[in-house]
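In structure tokens below, several structures.
Common to both upcoming complexes is chain A, partnered first by chain B, then by chain C.
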Partner chain A sequence: MMQVISQNTREKMKGLRYSGFGVYIQGIKSSLASRMAYRGDFIMSMFIMMIVELGGPVITLIIYNNGASFPGWGVYEVLLLQGIFLLSRGISFPFFMGIVWNTISRVQEGTFDLLLIKPRSILLMSIASAFDSEDLGKLIGGILVFGIAMKNLPAQPLHNWITFFIFFIFSILLMFAFGLFMAGLGIVWIGNYRIYDIFMTVMEFGMYPKSIFTKSFQTITTYIIPISLLASYPASALLGKPNTNVLLALASAIVFFLAGLWFYFRMVANYTSSGG
Partner chain B sequence: MDGIVSRRSDTPPIFKAVISATYKENLAYRSQMAISIFTQPIYFLVQYFIWQSVFKISDTVSGFTLDQMLLYFAISSLSGFLNWDSAGTELQDLIQTGKFITFQIRPVSHIYYSFFQKVGNRILAFWVEMVPVIFFYILFGIDLIPAKPFWTVISFSISFVLSFLVSYTVGTIAFWLVKTDGVRRSILLFTQIFSGLFLPLNLFPKGFQKILFYLPFQFITYVPTRVYIGSYELAGITMPIPQIVFLQAIMVVIMFLVNRFIWSMGIKRFTGVGS
Partner chain C sequence: MIHVSELKKTFTTYERGGTFREALISLFVRKKKTVNAVKGISFDIEEGELVGFLGPNGAGKSTTIKILTGIMHPTSGEVDIMGYTPWKNRRKYVENIGAVFGQKSQLLWDIPPLDAFNLNQSIYRIPSNEFKKTVSEMVEMLALKDLVKKPTRQLSLGERMKCEFIMAMLHKPRVVFLDEPTIGLDVIAKEKIREFILEQNKKGTTFILTTHDLEDVEHLAKRVIVINHGEIVYDDSMDKLRNYFGEKKTIHLTTRKKIMLPKHEGIAVRSQLSDYDIEVVIDLSQIKLNEFIKKVNEESVISDMSIEGLELEYIIKDLYQV
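Up next is the complex of A and B:
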């Protein structure tokens, strides 16, 4: 009897190991193991990633310390918004945004083919082999800013937190969509790492309250490229500030995500190589 | 003796060739450079919205009006384009792969070779990145006429050399460390922040400004940008433009000496086989 149970458990473990999640975990383990060969550099890089993330909040603090402010937003409210933005980035960059550099470098070297011949989805393989441990520094930076802001703001009711979590899931979804677009571009725009720059600059709009932009820009950042969902909507929800046209914004995020998936697989289908 | 003489007489054509070769090599990747035509206007627009919103509440921030603040960001971005270089990264790569050994037997000093590579690269960047961005600023209504054109040219030229020296000096770390990405990134980040690329330095807390005044970084972006605007002030210290440009020149000499000192220590540690 015991033997049957232990065999079942083993079968289950084996199943889990070879599932998509298991492959992903294996990718994380391999990445961490190889990065640990240069621990000093790893710690330094992670620290730098954290410091880089604090750039936006530092600018905010400097603005407020100079007696200026963003209309309708207190300093800790802006820091909360930026903390949410950094949290979203801190989750995306280490866990799946590595798909971008992984795709660009593999296409450039010709090793993208090696992922294509594996008996798994190319999307899963591209993500699993691109865990970026250094970017955990971004997550630490995000947690730090979010924590400091929350500590200095009044406690929020439960329903605000629930709405916030729903919006935050959309924020991550949006990041994933951005990753898909960039990775897709990396297939056709060979060796161009500056694709990141385009993305990072566009994302800058998400780091500040939506209200500081003109109406036309607000429309673009809500419905066309819904960057406002990255942080502005979740922060407003958590702070109990009114959010307008929420459903339209969420729908636009879903469309953006589906468009990202379509674009990525379309680019993969168009990919040609001579074997690296 | 003959060798030294002929090396000296050959020097200008070698560097002309380095500039020309780098220009042509980078021309193949001009589309990568051209991405700045898209990213810089967006970045500037974000800054515009931030500061327009801030200036709705106060007329001046640390002595800057909205127009001056936008001019600061426009000029500092141009300074960023002009000063960008990969000398440190390339030197580190050469040392770590051992390829640096080939420079030991070439009749040219690596520091000058690397500097003229930067010149070639930035000449291309001027046409591909800077000119379109300048047009964007003009269309945006930014008044790009420098307050003191002569001193502006001098100051930007000095900052060009200084940024190279800082980057190159950082590159020499590879003589001591096996993996230098983290250190290089951290120094690059601090250089960018403390040079005033992201924010005018006089917006930082007063105590911090005093430290920044004595570091070389302000001479890379903040000083040339302030020279362009026509007034200099940091940590409560105001200076006439010629005086701050003179200090900038002294900093280049100091940085060069520091670089040569570190280089002379580092080169003794270098070993390479084959390559």
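Up next is the complex of A and C:
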């Protein structure tokens, strides 16, 4: 009986290894091994990234220590929001946002072709070959800020946590959509790394409570480029603060994600039909 | 196995101009330019063939290879490789092909080739036993031993190229595209790689070799396709290519007196180092070899001489100038 179970488990493990997820894990292992070849750089770059990412929360602390505030938000509430923002970046940047740099540089160097001769989805290959351990510093920073904020806030009921997790999944989905748009642009707009800078600037607005912006700007950041979903909505959900037009905001994120997928594959089709 | 019919590829590019003024103008107004990279080429390749696919830079060679590997869509035409249309069934199709690009590495710079092989094992879904067997066979064949466990950056160019071959052939592809596979390698590494290609070809793998190294072509290809200006200008066996200009010989002569060549049809000077040292190409259908030698010797007294068949380089150069 035990033998049959272990045989089944082994078969399942083998199946997993050859699945898309298995390829992704193998890609992460290879990238980690590559980065760990330079031990000092591996540790230092993660640490530096964490310090850089803590800049936002530090500014928040300075603002509040000087008597100013974001209306309707206490200092630890804002830190919680920024912790969520960092968590969202900390998951997306190392695990899939590398697709942007990977695509831009590969198209420029002509090595994007090497991914196209692999019998897997080009999206999977682009992500699997782009894991960035340096960005794990963002994740560590996010956990740190989130943990400190939660410790200083009252315990939240379970249903708040559930709503938060749902919003957080949408936050990750949204980051993925941004990645798809930028990678798609990188295919046709050869060597243009400014795409990334523009994105980072736009994304910065997601680090603050939605309510501090004007009504018209809130509309843009909720329904057109739904960056409010990155941290403002999940943080409000966890703190039990009212979120307006939730369903519309979530629908907008889904549309944004689908549009990102469509755009990315459209650009890949352009690449293959024009030859880059 | 490979059927290509009336394959065409047209690009639209923009002219930027060469001067700063033209580059500045091109920021606002760009002139469109249509380039016919491949102009309706057709050929067939049988299973187990080793074909040299040659052409000068910009001839349409790389475009054709990119279409055949499924990377690029053609403008029109048909391609059937093992029952697949590469650009339509890309994922299924590329499971059956391999590619080695001399100037684009599939290895990962900071980790050992073996780790990169493991990544390919997952990508191509190669069963573990088969994977281990193939790796050890190929490592043995290419005399790599434990080098596959050293970081790629510590390997020589030749060792890296050998690993590129293993990477491309782990999944036992039926067709392999080679693009400049021996570029920059020393003679020993070249020889080893050529041996490996011939060995794999004997086992039934079809190879399409794109290169500017004519030694590779001479050692490996039994058939040659030459493409120029997007059209096939030659498609036949290597033997026929050697006799492309009929029966011609290259003669290198050193004489005691100033060289006086006989005034006869079928004699062409290729190069002259001095008044006493010359290289000529003679067409044996127009002048007999002994007659030529006798006449030169009478006039100039031959002190040294070598006779060779026409080099492939000379023939290919002529085809490239068509």
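Here is the rule we use: the second predicted complex is superposed on the first by the 260 of 276 C-alpha atoms of A that agree within 3 Å, B and C clash if a C-alpha of one lies under 4 Å from a C-alpha of the other, contacts with A are read in each partner's own complex, and residues count from 1 in each chain.
Assume a residue touches a chain if its C-beta (ideal position, glycine included) is under 8 Å from a C-beta of that chain, and two chains touch if they have at least 3 such contacts.
These numbers come from a predicted model, not from an experiment.
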Inset, instruction - Specify the outcome, clash or fit, for chain B and chain C once both structures are aligned onto chain A. - result: fit
Inset, instruction - Examine A:38 and indicate which partner it touches, taking first as chain B and second as chain C; both and neither are also allowed. - result: both
Inset, instruction - Considering only the touch criterion stated at the top, classify A:18 as touching first (chain B), second (chain C), both, or neither. - result: second
Inset, instruction - Using the touch definition from the top, say if A:160 reaches chain B (first), chain C (second), both or neither. - result: neither
Inset, instruction - Considering only touches as defined above, state whether A:30 meets chain B (first), chain C (second), both or neither. - result: second
Inset, instruction - Considering only touches as defined above, state whether A:108 meets chain B (first), chain C (second), both or neither. - result: neither
Inset, instruction - Name the contact category of A:245: first (chain B only), second (chain C only), both, or neither. - result: neither
Legend entry - Inter-chain angle, chain B to chain C through the CA centre of chain A, in degrees rounded to a multiple of 10: 80
Inset, instruction - Once the structures are superposed on A, label A:116 by its partner contacts, choosing first (chain B), second (chain C), both or neither. - result: second
Legend entry - Partner contacting more residues of chain A (chain B vs chain C): B
Inset, instruction - Taking the superposition as given, tell me the minimum C-alpha spacing from chain B to chain C, whole angstrom. - result: 8
Inset, instruction - Overlap the chain B and chain C contact sets on chain A and report the shared residues. - result: 38
Inset, instruction - Write out the stretch or stretches of chain B touching chain A in their complex. - result: 31-32, 35-36, 38-39, 42-43, 46, 49-50, 52-58, 61-62, 178-183, 185-186, 189, 193, 198-199, 203-205
Inset, instruction - Under the touch definition given earlier, write down the residues of chain A that touch chain B in their complex. - result: 38, 40-45, 47-48, 51-52, 55, 59, 62-63, 65-71, 189, 192-195, 197-198, 201-202, 204-205, 208, 212-214, 217
Legend entry - For the chain C and chain A complex, residues of the former touching the latter: 9, 11, 63, 66, 69-73, 87, 90-92, 94-95, 97, 99, 101, 104, 106, 108-111, 115-116, 118-119, 122-125, 127-128, 151
Legend entry - Of all residues in chain A, those that touch chain C in their complex: 14, 17-18, 22-23, 26-27, 29-30, 33-35, 37-38, 110-111, 113-114, 116-121, 125, 272-275
